[in-house]
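Letters A, B, C and D mark the chains as written, and numbering starts fresh at 1 in each.
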Amino acid sequence: MSAPKTASQADSLPAELTESPLDIDAIRAEFPILDQQVHGHRLVYLDSAASAQRPAVVIRTIADYYTKDHANVHRGAHELSVRATRRYEDARGKVARFLGAGRADEVVFTRSTTESINLVSMTWGIANLGPGDVVVVSEMEHHSNLVPWQIVCERTGAEIQAIRVTDDQRLDLDHLDALLGSGDVRLVATGHVSNAIGTIHPVDEIARRAHEAGALYLIDGAQAAPQLPIDVRAIDCDFYTFSGHKACGPTGIGALWARRELLDAMPPYQGGGEMIEEVRIERSTYAAVPHKFEAGTPNIAGAIGFGAAVDFLQALDPETIHAHEKRIARLVLERLADEFKAITLYGPAPDVARAGVVSFTLADIHPHDLATILDHEGVAIRAGHHCCQPLMRRLGVAATARASFYLYNAEDDLEALVRGLHRAQELFRV
Amino acid sequence: MSAPKTASQADSLPAELTESPLDIDAIRAEFPILDQQVHGHRLVYLDSAASAQRPAVVIRTIADYYTKDHANVHRGAHELSVRATRRYEDARGKVARFLGAGRADEVVFTRSTTESINLVSMTWGIANLGPGDVVVVSEMEHHSNLVPWQIVCERTGAEIQAIRVTDDQRLDLDHLDALLGSGDVRLVATGHVSNAIGTIHPVDEIARRAHEAGALYLIDGAQAAPQLPIDVRAIDCDFYTFSGHKACGPTGIGALWARRELLDAMPPYQGGGEMIEEVRIERSTYAAVPHKFEAGTPNIAGAIGFGAAVDFLQALDPETIHAHEKRIARLVLERLADEFKAITLYGPAPDVARAGVVSFTLADIHPHDLATILDHEGVAIRAGHHCCQPLMRRLGVAATARASFYLYNAEDDLEALVRGLHRAQELFRV
Amino acid sequence: MLESIFRELILEHYRKPRNKGALENPTVTVSMRNPMCGDEIDLMLTIDGDRIEAVGFTGQGCSISQASVSMMTQGVIGRSIDAALDLEKRFVALMRDDEGASEDRKLGDLRALQGVAKLPVRIKCALLGWNALDEAIKAHQKSPTGAMGEKLEFEDLTELPAGFDPATHKDDLP
Amino acid sequence: MLESIFRELILEHYRKPRNKGALENPTVTVSMRNPMCGDEIDLMLTIDGDRIEAVGFTGQGCSISQASVSMMTQGVIGRSIDAALDLEKRFVALMRDDEGASEDRKLGDLRALQGVAKLPVRIKCALLGWNALDEAIKAHQKSPTGAMGEKLEFEDLTELPAGFDPATHKDDLP
C-alpha cells in the first residue's frame, strides 16, 4: 500500500543510514541464543515483536537470585527474605525510573501487558463505567487492548468505539475528535507503536485531546517501551503498560504504571495474601498501593530479571535504540521494495515515524508458507493476523508476514531475509 | 495447646524414625542456595512453607530455555517458536500427570495458587452464584482462599460460611455437615494442608460430603502438592490449585486443574491475545480450553521450570517425601516439647496426619523477636499470622513463630533451631 | 526438504483448486477453522444415502491446506462414505509418517503431500479439509437429512496447539 | 549484636511498659498499625494548649515497639509539643544511624534502642509509637478540640515494605 517509491543504493544513503548507532556485534555477543544454527543456517531472529531475546545478564540475574537470595518477599524477618524483598522492590524502582515515573509505588507488577490492561478494565473500568459511557480504542489495537474493553463494556453497559485508520495507516485524529465530541468518552485506550505494521502514534497529542474532553488515556506500550524513550509524565497519560518479555526481560512479568491518585481510588483486583490489611471471615480491608494489586506471591525472580533488562536497555540508551530502529526500518523498507516487484508493504512510508516492524505479503504466497520457507533458511519471522484482526480487516488481508528488527538485527539479517524471499519466489515460481 | 506429652530420646525412637527415607545430603547438594553462611552460621532454611528453594536442575532448565529455545508460543511457524511451544505444552503434561489428571488440557497455567482461586471465583463463581447461595470455606484458610470468595459473594449476593476448627485443631466435619444441610451450598473450598499449623485435611471425605449435598469442591493445594502424592481423580474433587514456588519451581507460575466440563462451561477470565478465536471491534469469540484462560503471553520459562520441578519431585517420589515429612514433624514436635517448658505448640498431635510445618510461641517472646534472634543464628523461620488471621483469632494468638521443614531439612536443622531457641531464652532471661 | 513440500502438483492445486465454489443444495455444510492461523474453509457435501454425490468448498488457506482439500474432493466425489473414511484413514497415516503409508497407491496424487509429515507445525493445514469431511460425515450419519441447510462450525482441536507429537499430547495421560 | 538490641532496659520496658493503659478522656487517640507484622497500638494523648498533659497506650507488639513507646511516653509527658517533636527528630536520627545521634544525651534511655538501627527490618517497630505521636500532634494542631473522642486509624506506610533503605526507596525518583 505505502511501498516506498524510490530505490536506494548503499552509496546513495544519507549519512545517518550508513552505520547503526549501536555496536551490533558487541550486542549480539550478549545474546547467547543468537549463536546457533537453525536448519543449517545462522539463526536470523526477526520475531522480536512477538518476544525479544534475553541478554546473558538477565539470565544470570535470575540464576543468581535463585542461587543466593530467594525467599518469599515482605513480612519476612530473616536475611534471605530481606534480600529478596530488597531486590524485588529495587526492580520496581528501576522500572519506575525507566518509564519516567515520579514514584516507585506507582508501578504495579503484573504478568504482562495483557494482565495490566485487564487489571485496569476490571478495577477502574468496573468502578467508573456505565450505560451511556464510551471507551475509545482504535482499529489498530492488539487484541489485548480490545477484548478487556469489550468484556467490561458488556458488563457495565458502556459502549466501545474505535478510532479509524487512515489510508496511510495511521490513526485518524480527526475521527478521534469526532468521537470525543460526544462528551461521553471516559477513557481512550490506544497502543503506542503498532505491533502489526510499526506505526508510531502521536501519544502526546492523543493525551492532550483526551484530557480536553475529560477522558483518561491508557497506553498499551508493549511495543514502544522496548525501543523508544518513555516518559509518562511528559506524555501526560494516565495509565501505561508493558511486558518484560518484549523488552529483553523474563516471561511472566509486566508492569502497569498509573497515577497514584488513580491507583488509590481503584478497588483491588485479585484477592489473597499480601494485598490485605485485615481479614475476617466475612470481610477484609486492603493494603496500600502497589501491594493492593499484587495478591499472592508475585513473580519475584521475574521482577528482578525485569529490573536487569531495563538496566540493560537504559545502558544502551533508549534514544540510541530508537535511532537504530528508525534506520533499520528505512533500510528494510527500501531494500524490499527495491528487490521484489511482487511485494506489498504495509505500514507508514519510511520517512514517517515508524518502528522496525515490517509487515508484507509476497505475490500469492500465503504468509505461513513464506514463514516455513524462511524458517528453513534460518530466518524466523511471524505470519498471521498478529492479534490484530480488526486491522487486518481494515487492510483487506487475512494475514501478513511480519519481520521485526530489534537491537541485535543488522544488514546481514536483512540480506538473509532477502535471500529467503528469493528462495520463496523460486519455489512458488513467482 | 496440643503439645505432645511424652518426650522421646533417639534410642527409644520407633524404627521408621531412626532415619529419613530421603538421602538428605544428596538432596542438599542439589540446592545451591543452601550452601551459604548467614550471620556467620550455616544457613538453616526453615521457611519453605512460605517459599521453597529450587534445585539446580530448575535453575538450569530456565537458563537453558532462554539460551536455546525462547520465542513466543503458539501460532509460530519458525523453529524456536515450535520448540518453545513444545516445551511449554510438555510442561503442562508433566503438571497434569503430577496431579493425577486424566488430560493435559485440564491444566491451566496461572501465576500462583492465589490467581488460580481468583480465576475460579471470577469465572465459575460469577456465573454460578447468586443470592441465597452459600460458599463454604473454613476458619483455617489462607487469605488466598478467603478473600476471593468474599469478593465474589459481595458481587453476587451469595453468602460465605466457615467450617469451624475443633479444639484439637482440625476441621470440624460435623459442622461441615450442618452447613451442607441447608441445601444452599454451591461450593466448598478448603485447603489440603494448613500452612499455619500443618493439619492435613481429609479431602476425600470432604469431597464425598460436598458432592452428596450437590456442591462442588475446590482444594487449595499450595502446601499439599509439594509434599503429598496427589491424585485429583482419586480425591474426586472439582478444582485443585497449587503454586510452583512452593514446589521447588519458579516464582510467577501456578496451576489450576479442573474437570474439563467445568472449564468448558466457564466464561473466560482475562481478555487478550491467545485466548480468542475471532475478534471484531464489538465482540469476540473465545478459544478452547485451556487457552481460553491464558490470555496474553504466558510465563513460558516459568511453566517449563515448573515442569522440571515436578519432575524433580516425581523422581524423589511423593510417597517418600511424605514419609520424610511425617517423620521430621514428629521429631520436631517431640524434641521441642521435650526441651522447652515454656513452649506452646500449635497444630495436631504428632501421631495425627500432619505436615512438617510447626507453629509455636515461646514464653512471652514476641514471634518477630524470636525470628530476629534465630536469623542471627542462621536459622530462617517466619513469624506472624501466616496469612491466616481468622485461624489466629480462633487460636487466640496475634502471631506465631513457624518453622517449616522440607525435603532438604534434617536433624541438624532441628538442632540449630533448638540452639537458637535456647539463645532466645537466654537473651530474654526466660 | 522444501522442494518435497512445495511441489509442482501442490502449487498447481493451490492455484487452480478443483471443486472450489459453493454447492447449490448441499445436504451438509461444515465450517472448519485452523486455530494455528485462523484460516477457515467451508466444506459442502451432497450425500445421497451412502454415496457422496457432490463436494465443494470455499474459504482460504495456505498451499498445503488448499491443495489437500482440492485433492480430497477428487478422491471422494462419487465414492461411498466408507470409501471416503478409508481414504481419510490412509491420509492420516501418511501424515503420521506410518510405515508403508508413503507407498499406499490408493492415495494417488495425495502422496504428493507426504513431505508435510516432516513439518509437524503444518500437519494441521493438510488435515483441515479432512477434519471437515469427518465432521460432515458424522453429522450426516446422525441425521441424514436434518443437517441440511444449516452450517456446522468447528475449530480443529484434534490436538493441543499445532505442532505437537500426538504421542506426547494424548488426551489420556498415563 | 543481639545483646545490643535485647538489652536489660528494653526487656524491662517490654515486660513493664510505663503508661500502658487507656486514658480517661484523651483529646486525641491514634491507632497505628505496623503492616510488616500486623501489630497495632492505640496512643492516647491529653494535650492542653501547647502542653502534653498525659499519654497512655494500649495494644501489643514486640519488645522493640513496646519498649520504644513506653520510653517515648516518659520522654514527652509534661513537655511541650515542640519538645516532643524535637525528641522525635532526635530519635529518628538515632534510627537512621546519623552521625552523633548515639551521643545525643537528650535521648536519655532511648539510646538503649540504638542497636535497632543496624536491623533495618525492625526499624518500623521502634518507630511505631513515634509515628502515632506524630499523627496525634498533627491532628491536634489541625483541630485542638475537634479530634476529641474520635479514634484516628493509620497504617505506617512511611516507606515501602519494611526493611528498606529509605535512600533507595524515596517517593521521588530521580
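Note that in this section a contact is a pair of C-beta atoms (placed from the backbone, for glycine too) under 8 Å apart; a residue touches a chain by one contact, two chains touch by 3 or more.
The shown structure was predicted, so the numbers you read here are calculated from the model rather than taken from an experiment.
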Shared interface partners, meaning chains that touch chain A and chain C: B
Contact-richer chain pair (by C-beta pairs counted) among B-D and A-D: A-D
Euclidean distance of C-alpha centroids - chain B vs chain D, Å: 37
Where chain C and chain D are represented by their mean Cα positions, the distance between them in whole Å: 76
Between chain B and chain A, distance of the C-alpha-averaged centres to the nearest whole Å: 34
Distance from the mean Cα position of chain D to that of chain A, given in whole angstrom: 46
Touching two or more other chains - residues of chain C: 37-38, 121-122
Sites on chain A at which at least two other chains make contact: 39, 75-77, 278, 368, 372, 383-384, 389
In the complex with chain D, residue positions of chain B that touch it: 39, 364-366, 368-369, 372-373, 376, 383-385, 389, 398-399, 423, 427-429
Sites on chain C touched by chain A in the complex: 1-3, 5-6, 11, 15, 37-39, 60-64, 119, 121-122, 125
Residues of chain A defined as touching chain B within the complex: 32-33, 36, 38-39, 43, 45, 47, 50-51, 53-54, 58-59, 62-63, 66-72, 75-81, 111-115, 117-118, 121, 137, 139, 142-144, 146-148, 150-151, 160, 162, 243, 245, 250-253, 268, 270-276, 278-284, 295-302, 368, 371-372, 374-375, 379-384, 387, 389-390, 393
Chain A-touching residues of chain D, taken from the complex the two chains share: 33, 35-38, 120-122, 155, 157, 160-165, 168-169, 171-174
Residues of chain B touching chain C in the complex: 73-77, 82, 85-86, 89-90, 92-93, 96-97, 101-105, 277-278, 287-288, 291
